[in-house]
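Each in structure tokens, the structures are laid out below.
Here come two complexes built around chain A, the first alongside chain B, the second alongside chain C.
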Partner chain A sequence: MARSNRPVSLRQAWWLLASALAASAPLTPQVPLWLSLAAGVAYTWRAAITWRQWHLPPRWLLVLLVIAGTAGVVMQYRTTMGRTPGIALLLVFLALKLLELRTARDAVVTALLCYFLVLGQFLFTQTIPTALLAGLTTLITTATLLAASDDRPQPLLQLRRAGLMLAQALPFMLLLFLLFPRVQGPLWGIPQDRFSAISGLPDTIAPGSIALLSQSDAIAFRVKFKAEVPPQSQLYWRGPVMPAFDGRSWRIRQALGAYREVPYAGRGVAVDYEVTLEPHGKFWQFALELPATLPEGVALTSDYQPVSRQPVRNRMRYTQRAWPEANAGLNESQGILRDALALPKDGNPRTRAAAASWRAQHGSDGTAILAAAENFFNQQLLIYTLNPPLLGADSVDEFLFDTRRGFCEHFASAFVFALRAAGVPARIVAGYQGGEVNPVDGYLVVRQYDAHAWTEAWIAGRGWVRIDPTAISAPSRINLNLAAAVPAGEGLPFLARGDLAWLRELRHRLDAVTNGWNQWVLGYNPQRQRDLLAGLGMKEPDWRSMTAVLSVLCGGVMLGLTIWILRNRLRVDPAFAAWRRFTARLARCGIVWQPWEGPLAFARRAAAQAPRHAQRIGEIAALYARMRYGRSPQSGDLVRLKQMIAAFRP
Partner chain B sequence: MRLPELDAILADINRIILGKERPIRLSLACLLARGHLLIEDLPGVGKTTLAHVLARVLGLDFQRIQFTSDMLPADIIGVSIFDRDSGAFHFHPGPIFTQVVLADEINRATPKAQSALLEAMEERQVTAEGLTRALPEPFFVIATQNPTHQIGTFPLPESQLDRFLLKIELGYPDPAAERELLAGADRHRLVTELMPRITPQRLIELQETVRAVHASPALIQYVQSLAAYTRAAPRWQEGLSPRAGLALLAAARAWALLDGRDHVLPEDVQAVLQGVVAHRLRPADDTAHRDAEAVAAALIEAVPLP
Partner chain C sequence: MLAALRHRLHEVFVRWALRVRPPEAAPIVLTQRRVYVLPTRAGMAYGAALVVMLLGAMNYNLSLGHALVFLLAGLGVVAILHTFRNLVHLSIRPGRCEPVFAGGMVQFGLLLENRRPDARTSLRLFIDDADPVEVDIAPHASAATTLAVRATKRGWMPMPRLTIETSWPLGLIRAWSYAVPDLSCLVYPTPAEKAPPLPWSSDSARGSTRDGRGADDFSGLRKHQVADAPRHVAWKAVARQQDGPLLTKLFSGAAAQQLWLDWTALPDTVGTEERLSILARWILDADAAGLAWGLRLPTLRLAPDNGPAQRSAGLRALALHNHGAQ
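What follows is the complex of A and B.
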């Protein structure tokens, strides 16, 4: 009977069921409930078939089930193309394939399907738990494949052998991962519902929109500084700039990149750093104020807001430099200044009245008006809180004069409104402020609750000047962090809280591990690969030389493994080496020594075939047998054996 | 270091059981290695005669136990009977208290009776009514069993089969030997005329000599490779246990001594391999034919000498 026609044993059926479960369980959240339930029924059926030794379902029933399953998937997604429908279809096929396990060929097909579904998990997530789970499933499936060809009752033995095989494959995996020519972007960059649920800064700011983010401790980006981490109060991560105001909310200008290089002169000490940005689905990037260099593919808008050509949909990494003391926009264009003064015709009369009084007092002296505004904000005794009261139509007036409680967007919005009303160009800058250094790996981690809004005012001769109105009322928000600034008892995410030190410590460690994974596994891009190869001495690697290096190294690993396996056999006893020479001579006259044949048995056989040499063959074999298996070999034996063999001419 | 007494013993046995040099040599090797022997064959091929001859020629006591399905452990071990004269119980030793026991058709008895014998084989002592009694030295069990496909048999479980060092098959004699057997004198009379060649004390010395036969590191590795191969190859359900490896080495030592050598060669291992492993390896595919000879040959040819 051919190997592929052997029937699948019950034990193999259990193995396959285990593989299928391991491969499909992690995909349950991705597919509709009915499909998971149907697969569960099929698996239970399979288990019953194996357990009670029922008959397999007839073929016509399977055909009907395949049609029904496929129709279900098509009705659910209106297509069979794409990531989720494809995976759903594979799950249907896997569940039904288990119900027609007849021959060894079916078993192999099922196992290969399981491998494919393992790969399918990575289309959805690429985290460390996913990778660990995929490793486990691969182990089980490999053991299943082993069991398909070698049906033995010890499951642990099969798992151990599978583990050994995977361990032997590990060096090859590492080599291929590190050296196989890389393409930009992840392999599974399938657009589609991948980016729907990403949190980040919105492109309009209304009262309450940033306070919403303060409830999230998701990571916005991580920063590695080349030198010291600058003081907390300098960590303003510039994001979208919002000059347009409609009376309630602030909006970004839909502008393309205007500058490929920064349009202002450097000043002060430069700060170099590397950002690993989590995907947020928008065009803008974040840079420490003010950016001095622009990464590849990134430009500055006329508002000095760094934007990339495509929305940030994959985790990206870039190095950048900042000039914290630089001044931008010394010669700002009239159009931009006009935009930075625009206000709705009416509304917020009390603020307008206060601004008019500053204007009357200080004329067009921007610096003096700024000071007056800051003074005014200070005197209003505003309270920084996560739970500001709702505001009506005249939101700025209500905040400044009635409720006096607000989050950073209330402060920034009111401040810009007041300055504009007093005739000083101003706008809102959104982004993140601060961040927390992870003591484990030294990365500065900026989370969503670090989101912040501050303001910029344009003063003749000084350009754009950053003023953070929040800092006037709640300086600890800027100098320390969010937890220090909000009143006690307000709900904060775990990680923003000051207590629970052990939890933060644990979270720091986990985050450092995740960051390492992101940086070195998921973030291993062509650039990283080039850096690594440059470190190995390959300055300008093209795909040809990389392939060559890859082949040589894979060959090397293969050789190493072979030597490791053969290392016992390579240690040859000198008597045995002499015996091999002797048998090689006899082989030339057609008397072939079998490697399992004992020396005396071989001598008898050889003597029968070559009676002329019977005596000498017998002597050599007897001496060799005594040397190799006897009690204590004598000193002259080896020399004598070699001489006898050298003199032997068949 | 050829030992003439061993050659004489073999010659004596071969004179009575004709044309069976190899099984006879194996059974003597088994005895010298302090192992027990299992013979699987049809009735009437000379199993009883072999046991009887071995006992005679080695100068040992001999008892035969016919196993039946209604047998109880006391039938083997012995029983205490109340003696009215002395007013006390007296232990009447069973047939197992002897030097050579022929356990005939062991797989006809129930597992309970089987286990009584097999315990005695392993411990070389029996415990009856709370008292442990040592069995005589040397102690040697030759068990015969009918082929397991016959009706009314209780196959021995693996763990108990493992207690037999060797399993041999006698088989029908070849035509020449059979003609000689038919023409010759009564076997039973020949056996009774046989004189012991050695004393039991000398047999114990010979068993000690076997233990001292040298096994070189290369040979130890060969035995280990054989065992390891059976564990890794898909052909068998389980591989050989370490105890089976020890048995293989012990039997090979005895075989080497019978060959007049003070060290073991791979040929010795190969010679006893079939007898040692055939009843210890179960094919993975239960339907496969258990051809002991083919199994041993395949195993030998699969493992190169180290």
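What follows is the complex of A and C.
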């Protein structure tokens, strides 16, 4: 393999530099600044080596640099394991490999490192733009690989050839993507560091914490309903339930999943749907109230809050059924009811006084107290706003009696406090309310600004009853959306606003494309693969049948490509075929044409040996020579040559 | 030990691969059946990298990672096809081969013919462990190339087995084939470095007698060599100086005479090959001096003449002397 020892040419060095740049530039935001700068210096150094024909740095210096780079990464991350440190190390190696490009083997190693880094990008983002960028990097790296074995063609030709080969590889990619038996990761240690900074509902609710989310139009999850989309006012997506109150903020109870199946009876019309949940790093999932089924690996806490065993770190898809009219907790345990009545010893005296008056009036009649509380909230003329004033120590009193302006968490917090003070068990439920149907693909899209907090009260004989105190003051929030409920002029996220219809339309289209991408490309997991293959008529697709189908189809594609690639194999120059017939005839008379002999030279020799046919031989050879080497071939030449040779009988 | 085993296995494979009994009739077309394809070292590294990447994509559930790995795997398959195509259906014709002296380099000429409308790039041809010759062939064209092999023995030297390989375009896959073109090169005996002087003695003298001219003129002495005829030894001069080397008498003045390079002019102690070497040297010397010369071998007689044709004929006779018997 003498070839792998060939020194790297200048042109190859430029190619390698280009693919290293293309592969590492998208990773700049993910790695520390010093590493990007160091890589930049190394690339510049490489460019100078190539441009000015400097010497490569000595080996001892490279060894020092490798040690320094690795030490830097270890000091930065305190580990070399995991996603970001691994990528950082690859960047260090790539940058230094460029400084020791000596032979073709180094060039191949560098190109492979670039492919690895393309994969590395996907650890951070897998959007359509990322895919396009990765495609470009793959093209450049493939052209580099081409240049590593033959660096003569011009760069554009090289790119074209790389593009052609990648295009021919596409059918294989599609088949493998669809049919290669998928395995649900992780294969070994759970990648802990994925999705460390993602937005979603917090696990405590204090005044202002949901208002913060209302500024984000990031997507929380998408829902595909089997049948019609239920009315907006029914779309309560139940998330974390928060019964614990410390005087200011509400928090979830650290309870493990208690139920594998829902502990209440179904009632009314069931709603079937499929959720594609964006990763949010927490354990809980979102289900339309009240969940009737639980997906694989999901349990229901004693608060009827669906939680999964693992934090939601990947986009996940699950189908679920809801009973919007079900009653839960008819026989609720005493412990839970006690928790749902707990209040701090003091604080918010005015609310406590109002609650005491309801209690005095209605005794233990929960329904009546509930009505009194709703009536009270209605009379206070509370204003629903994104920008509530800051509240002091007695936050409930201040909200209900002084400022009277708040967001959903203010309403829910005050309402639960009042009910508990009046002796009715109550708690806060956080989640999302509403959502918007994308007319392009029919998916209901729930965004972060749809985050909401509402309340549940426990009434003897009815179980837990949902009351949304926000709806008392701002019914349009529930029946329409956020934009309809808040006063005009308040800063809303772009997509939450009602005006700018054309922008919304555009965004809807983009979102439908993204959703399609998420559903079919990124969300193509073992489950979806089985569904698709079953839909295509494969009975019980398992890895064996998939591999068999895959092999057959790949073989077919390969055969097709082979035929296409070798399509010209039988096309022999007809003039040459005629010439061979002619020489074969002469060979029978002992005049053997040698392949290296030109036609005219052969004719002279043959004429000398067979003077009787000298003229015919000369004519044929002259015609043939003109057809092969002449400047202007004529249309009838071939026919004439064939006729002359057919008539030639030595 | 391992290397020897590998070599043995390789030989067995080649014998199986060639199948047809060499040498093969021209033109040799490298059909699909005789083009072999395996990954190169870079190709194996590429495959290993893909496996690692696939594991990473699985562990992190990266759909695009799967897509990338599958695309690159497809690229590998496409590379196989392209590399295979770069070599398959190439036709090889034997070309010219100029005779050389044993010990020199035979330049086997080959004509590579590309009947496809696409170029063939970076084909490497080599014999055994020699450095490969790299050839590109334009669409519908042919390219002439020569492969050098050291000639060891006089006579007809058949072209050894030729390996033709390519790893274009990606360097990940190597396609190769073997061929034994029907091409032989005439190898003349190595001209002796030390040879007796041109044999002007008895035969020449006889010739000169026939021509009616005077006897040779004595022109000097030189150190005796094994091949010198005993009767040319200057016995008187040897006797004069004690312990001195044997001396041979040199004669000149035969320029106008015909020169016979005679097999029997050399003493019987000289072996066949050495004898042919000396005769070859004589032919070269005589030719360089522009003399007309004849050649007498036990089985062949070449009439005196001069010029390149005579030289070729003489050397050819020496090269093929008793060749069939070997």
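Throughout what follows, the second predicted complex is superposed on the first by the 550 of 650 C-alpha atoms of A that agree within 3 Å, B and C clash if a C-alpha of one lies under 4 Å from a C-alpha of the other, contacts with A are read in each partner's own complex, and residues count from 1 in each chain.
We take it that contacts are C-beta pairs under 8 Å (C-beta built on N, C-alpha and C of every residue); 3 or more make two chains touch, one makes a residue touch a chain.
Here the structure is a predicted model, which is why all the values come from computation and not from measurement.
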Would you sort A:Tyr629 into first (chain B), second (chain C), both or neither based on which partner it touches?
-> first
Is A:Asn525 contacted by the first partner chain B, the second partner chain C, both or neither?
-> second
Once the structures are superposed on A, label A:Asp272 by its partner contacts, choosing first (chain B), second (chain C), both or neither.
-> neither
Touching A:Arg105, do we find chain B (first), chain C (second), both, or neither?
-> second
For A:Asp637, is the partner it touches chain B (first), chain C (second), both, or none of the two (neither)?
-> neither
Which partner, once the models are overlaid, touches more of chain A's residues, chain C or chain B?
-> C
So, A:Glu619: does it touch chain B (first), chain C (second), both, or neither?
-> neither
Can A:Asp339 be said to touch chain B (first), chain C (second), both, or neither?
-> neither
In the overlay, answer first, second, both or neither for which of chain B and chain C A:Thr138 touches.
-> second
Which partner does A:Asp441 reach: the first (chain B), the second (chain C), both, or neither?
-> neither
Same chain A residues contacting chain B and chain C, which ones?
-> 149-150, 569, 573, 595-596
As the complex stands, chain A meets chain C at residues 1-4, 83, 104-105, 108-109, 112, 115-116, 118-119, 122-123, 126, 130-131, 134, 138, 142, 145-146, 148-150, 161, 165-166, 168-173, 176-177, 180, 182-188, 191, 194, 314, 521-525, 554, 558, 561-562, 565-566, 568-569, 571-573, 595-596
Please give the residue numbers of chain A that touch chain B in the complex, ascending.
-> 149-153, 569, 573, 576, 594-601, 625-626, 628-631
Sites on chain C touched by chain A in the complex | 26-27, 32, 40-42, 45-46, 49, 53, 55-75, 77-79, 81-82, 85, 88-89, 93-96, 109, 111, 115-118, 121-122, 131-132, 140, 144, 167-172
Mind pulling up the chain B residues that touch chain A in the complex?
-> 214-216, 218-219, 234, 237-238, 262-267, 270, 284, 300-306
